[in-house]
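Scroll down for the structure; my scribbles are underneath it.
The chains carry the letters A, B, C and D, assigned in the order they are written, with residues numbered from 1 in each.
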Amino acid sequence: MKVSKVMTAKEAVAKFIADGMTVGVGGFFHAISYAITHEIIRQQKRRLTICQPSFNEHADQMIGAGCVDRIVSSYVWMEVFGPLHCFRRAMEKGIPHKIEMEDYTNFAVMARYLAGSLGIPFIPIQSMKGSDMMKYSAWMGEGKAKLIRDPFNSKKEYVAVPALTPDIGYFHVQRADEEGNCQMWGIWGDSPWSMRACKQVIVSCEEIVGRDVIGRDPNRTILPGYKVIAVVPAPFGAHPKHTQGYYDVDRDFIFQYIRESRSPEGWKKFMDNWVYGVEDREGYLKKYIDTYGMKKFLNLKAKDISSSSVNYGF
Amino acid sequence: MKVSKVMTAKEAVAKFIADGMTVGVGGFFHAISYAITHEIIRQQKRRLTICQPSFNEHADQMIGAGCVDRIVSSYVWMEVFGPLHCFRRAMEKGIPHKIEMEDYTNFAVMARYLAGSLGIPFIPIQSMKGSDMMKYSAWMGEGKAKLIRDPFNSKKEYVAVPALTPDIGYFHVQRADEEGNCQMWGIWGDSPWSMRACKQVIVSCEEIVGRDVIGRDPNRTILPGYKVIAVVPAPFGAHPKHTQGYYDVDRDFIFQYIRESRSPEGWKKFMDNWVYGVEDREGYLKKYIDTYGMKKFLNLKAKDISSSSVNYGF
Amino acid sequence: MALKYNDFTLQELMAVAAARELKDGEKVIIGTGLPLLGAFLAQKTHAPNMVAIYESGAIDCKPLVTPFSVADSVLAPGSAMQGGLMEGLGIVHAGDLDVGFLGGAQIDRYGNLNTHVIGDYRNPQVRFAGSGGSNDIGAGCRRTIVMMLHQKQRFPEKVDFVTTPGYFRGGKERDKMGFSGGGPSVVVSTLGILRFHPKTKEMYLASYHPGVTIEQIKDNTGWDLVVAKDVKETERPDPELIRILREELDPTGVFLKKK
Amino acid sequence: MALKYNDFTLQELMAVAAARELKDGEKVIIGTGLPLLGAFLAQKTHAPNMVAIYESGAIDCKPLVTPFSVADSVLAPGSAMQGGLMEGLGIVHAGDLDVGFLGGAQIDRYGNLNTHVIGDYRNPQVRFAGSGGSNDIGAGCRRTIVMMLHQKQRFPEKVDFVTTPGYFRGGKERDKMGFSGGGPSVVVSTLGILRFHPKTKEMYLASYHPGVTIEQIKDNTGWDLVVAKDVKETERPDPELIRILREELDPTGVFLKKK
């Protein structure tokens, strides 16, 4: 039995996320760790560089809270739900302060992570070529992307993007064991490559399971325990996002956030209610049930659509 | 309901594998498609270039049968079982004819496949650097690998290896549906990247299942049906190799092959018995049972070690 | 057929027009909203073997419920394969896919798309989402279908920022880049259907939607829009297609707002 | 402890010597045969938190039966993660792993390994398997442990083919290459244990196995082998370790041939 890495979000964020760090955030609309995101905001982390192919409200909340100086991403928005107002205020008006963004494409960020996870210095891609993303860089300058010639076919040019290896990553999965072996199903999002590329990872999970449960279906593991430094139990830890097999997305809540965050005051009020004003994830859930009722809460719970079993025998 | 791609190994090999093709073979010791390999030998395909990070007796048999002119690989051997004699005879003495090999490392072949599967022209790696694999090339010349400078750090040099995209690939999985959606568990080997990199793929499988079975656990799919042109039902299709959850490796049979193939005559006798002298996979299995007995055959069957189920509900 | 399906909204017309652009057996990467409805409509009618793909890594989806997001949980169960972004966009970058859907804040004369900013990139008047997978899809898919709100400021002569190149400044400029994808083949706008001249790659008006005049479209386009000699009214949707859209694909009116 | 474990074979001695090279908590990529026995012996004794990894993508394996192959089916059930070669060798290339095991047909004065050919590469006298994962492991792992049959033709001054570089021609030559891995730290041969001089990177004899003379080792080495000032007999295995090897790790004598 290896040493348990289980701790609270509060402990994990205090211990492992320092001001100024480059932080990889895992997920793609699905299974975003709000448990960790909200703790970062409560602990008022500063000058973070946050990285993710596509960011949603979790980035918006960290930006509004002043945690973020720099963004490595291709997308900060909430799909058909609408724009993210803190992001726009920061980019357009410098509220609460000016932030910088290195604009890539989704695949380009994935290529950077893939390179980082495999110890490859850079990857040449066709995406971004000829676009204005190649003209502009924020703080990375020449290091953002470079047009290079294919050494095997001198007529062809590609965009080289450098490996991305954040100081720390965090993400949310369905289950992990105490050593940090992480299993996920449904939409993997930028994982497994993003989290493998991070130097260390904090995982929040719906359930902590025994090592034997992990070993029963080892192909489901997308990140091995040795990369993980903290395992945070966080049921409903991705709310208002969904987690396959556990709960659906809470559309009303997301619309509410986007509506209320139109003004800095409205945003502050929302955050006072749902982040600053609650102690931890349990407090958040209790408040949710107190506010919207048990019925609405239980309605989010996933139906049973079983995968059925396969045989690992030999 | 899409068109069924189900056919026999005989039909698939006759229809889709032509003399002179570059053929990607999937698997890593585990789950090698002997069903397709033996059919290639029976149909006397010629001048093939075969590609796989690590090859075992399946390559040896194709080499001995005169199907192969060129090999892209890092390893042709049978681990602790011993050397492969046809490979050695061909490389050392040109029997049955001289063959060429482009020597890479396992990871280098994987990098070539990864690039091929993602539309990336080449991938820079640290493997092979400074080794004599960089000094020698067979038919690829300058196109085998090139020492290049990291455009983001001019002090660092890497070995660029070009994308590998075989004309056709073949591999063996536990189950596929009629459209060719392939699910595999246990050791994936070079898959999924090798097969995704091939222009088209023939899959042999232990079982053909309904599309609904695939859809019940879509994270298990390692190759989408649109890449697949033929689905070959082949129970025990990887014998004498193992297939997780279906049967174990047949060590005696592999030792027997290595022993008998020490001389070209012994090899010919083995092949007459087990390849040329049988009509198809069913004939092979019947011969196996006739020769070694039902008890030995059933002893290969896997025990039940169930993965248990997860919930895909929303 | 009940008479109630003889009417149609602009959104329904656009979804049907998008569906017409897809051929049977094609591999299509789709987003949410109208592209999604168009693609599923095609699959339910003339293109049953279409393969629906999401950048979230869901391949050949057969969702029981219309997804609200490209990463909706309803996409996974029943799909032929569910991976992540690497699986969804890797096959786009590899050039495996036939069609991608795009949209944006601006599109210009040569089909270049902007989803980044209005104004100066460094000091934007309005900042939008960024590329997401758009640039990847534009570079990788054999052709793209663009769906746009047709307003003058959204159809400028030149976009403020090239997020997803169309044909650059026309002619052979795109060919020189060596993308695996061929560029936009059609723009389905709120006013009409626009295509690209095979040589000059300039956008031209192919058809105007019922109730819309050519003049109106030219007024809402930021350059002197060429009109096809054989320009005609956009084909009206078959009532059966409207029925499928309303009753089967969006029964709760998430995407097709109830009139 | 029964007296029967007071004896030991050469293979057992080597497995125990390999086990001693591993520290608790290290991530180790292991092959079959003696490296496997050495690694599992370490895990059962002083290194319970060692993470056993196979290039076939099995991570933190806890097999119920001793695996016969790096791709044995017994590796998957109970492992913490099971992927493929990309998972197994990707983390090697990324520099995540502490230790790798290597072997070969030849090793030279500076720890360069040959698993390709005896004779000329283009017209080989004997052709071997090739690199497999060896070169990847040699380049990527923080250090490597080499296990060798100690014969003169297998310990030449210079290998016929450099499959897996050790220290090239010594000194700082390896450092200049910028590998994530540091090179071989030890050679456990059938005659003794050899290490590398921290500056010159030349191999030297650190200990000779019980019953073997220094003279014998020098005779079986293709260059004038340096002998450490404090050279001594290789530490004899504790009977308990022999018991674990025989009874728990290889009860059927697959790797440790029965005497």
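Keep this in mind: a contact is a pair of C-beta atoms (placed from the backbone, for glycine too) under 8 Å apart; a residue touches a chain by one contact, two chains touch by 3 or more.
Since this is a predicted model, take the numbers as computed values, not measurements.
Shared contacts of chain C and chain D, meaning chains that touch the two of them, come down to A, B. Of all chains, the one whose CA centroid is most distant from that of chain A is D. Looking at A-C and A-D, the interface holding more C-beta pairs in contact is that of A-C.
For the pair chain B and chain D, the distance between mean C-alpha positions equals 28 Å. Remark: chain B and chain C have CA centroids separated by 40 Å (rounded to whole angstrom). Among the residues of chain B, those in touch with two or more other chains are 119-120, 125-126, 156, 185-186, 188, 216, 219, 242, 244, 248, 302, 305, 312-314. Within chain D, residues 58, 72-73, 76-77, 82-83, 86, 90, 93, 140, 180 each touch two or more of the remaining chains. Here the touching chains pair up as A-B, A-C, A-D, B-C, B-D. Note for the complex: chain A touches chain C at residues 28-30, 53-54, 73-77, 79-80, 83, 87-88, 91-92, 101, 103-108, 110, 114, 125-133, 136, 155-157, 185-193, 242, 244, 248-249, 251, 302, 305.
By the touch rule above, chain B contacts chain C in their complex via residues 2-3, 117-120, 177, 179, 181, 196, 211-212, 214-216, 218-219, 221, 223-227, 312-314.
Touching chain B in their complex are the following residues of chain D: 32-33, 55-58, 68-73, 75-77, 82-87, 89-90, 92-93, 116, 121-122, 124-136, 139-140, 161-165, 168, 177-180.
By the touch criterion stated above, chain C contacts chain B in their complex at residues 27, 49, 51, 58-60, 62, 65, 72-74, 76-83, 90-91, 93-96, 140, 180. The touching residues of chain A, when paired with chain B in their complex, are 111, 119-126, 143, 146, 148, 150-153, 156, 158, 160, 162, 174, 185-186, 188, 213, 216-217, 219-220, 242, 244-246, 248, 302-314.
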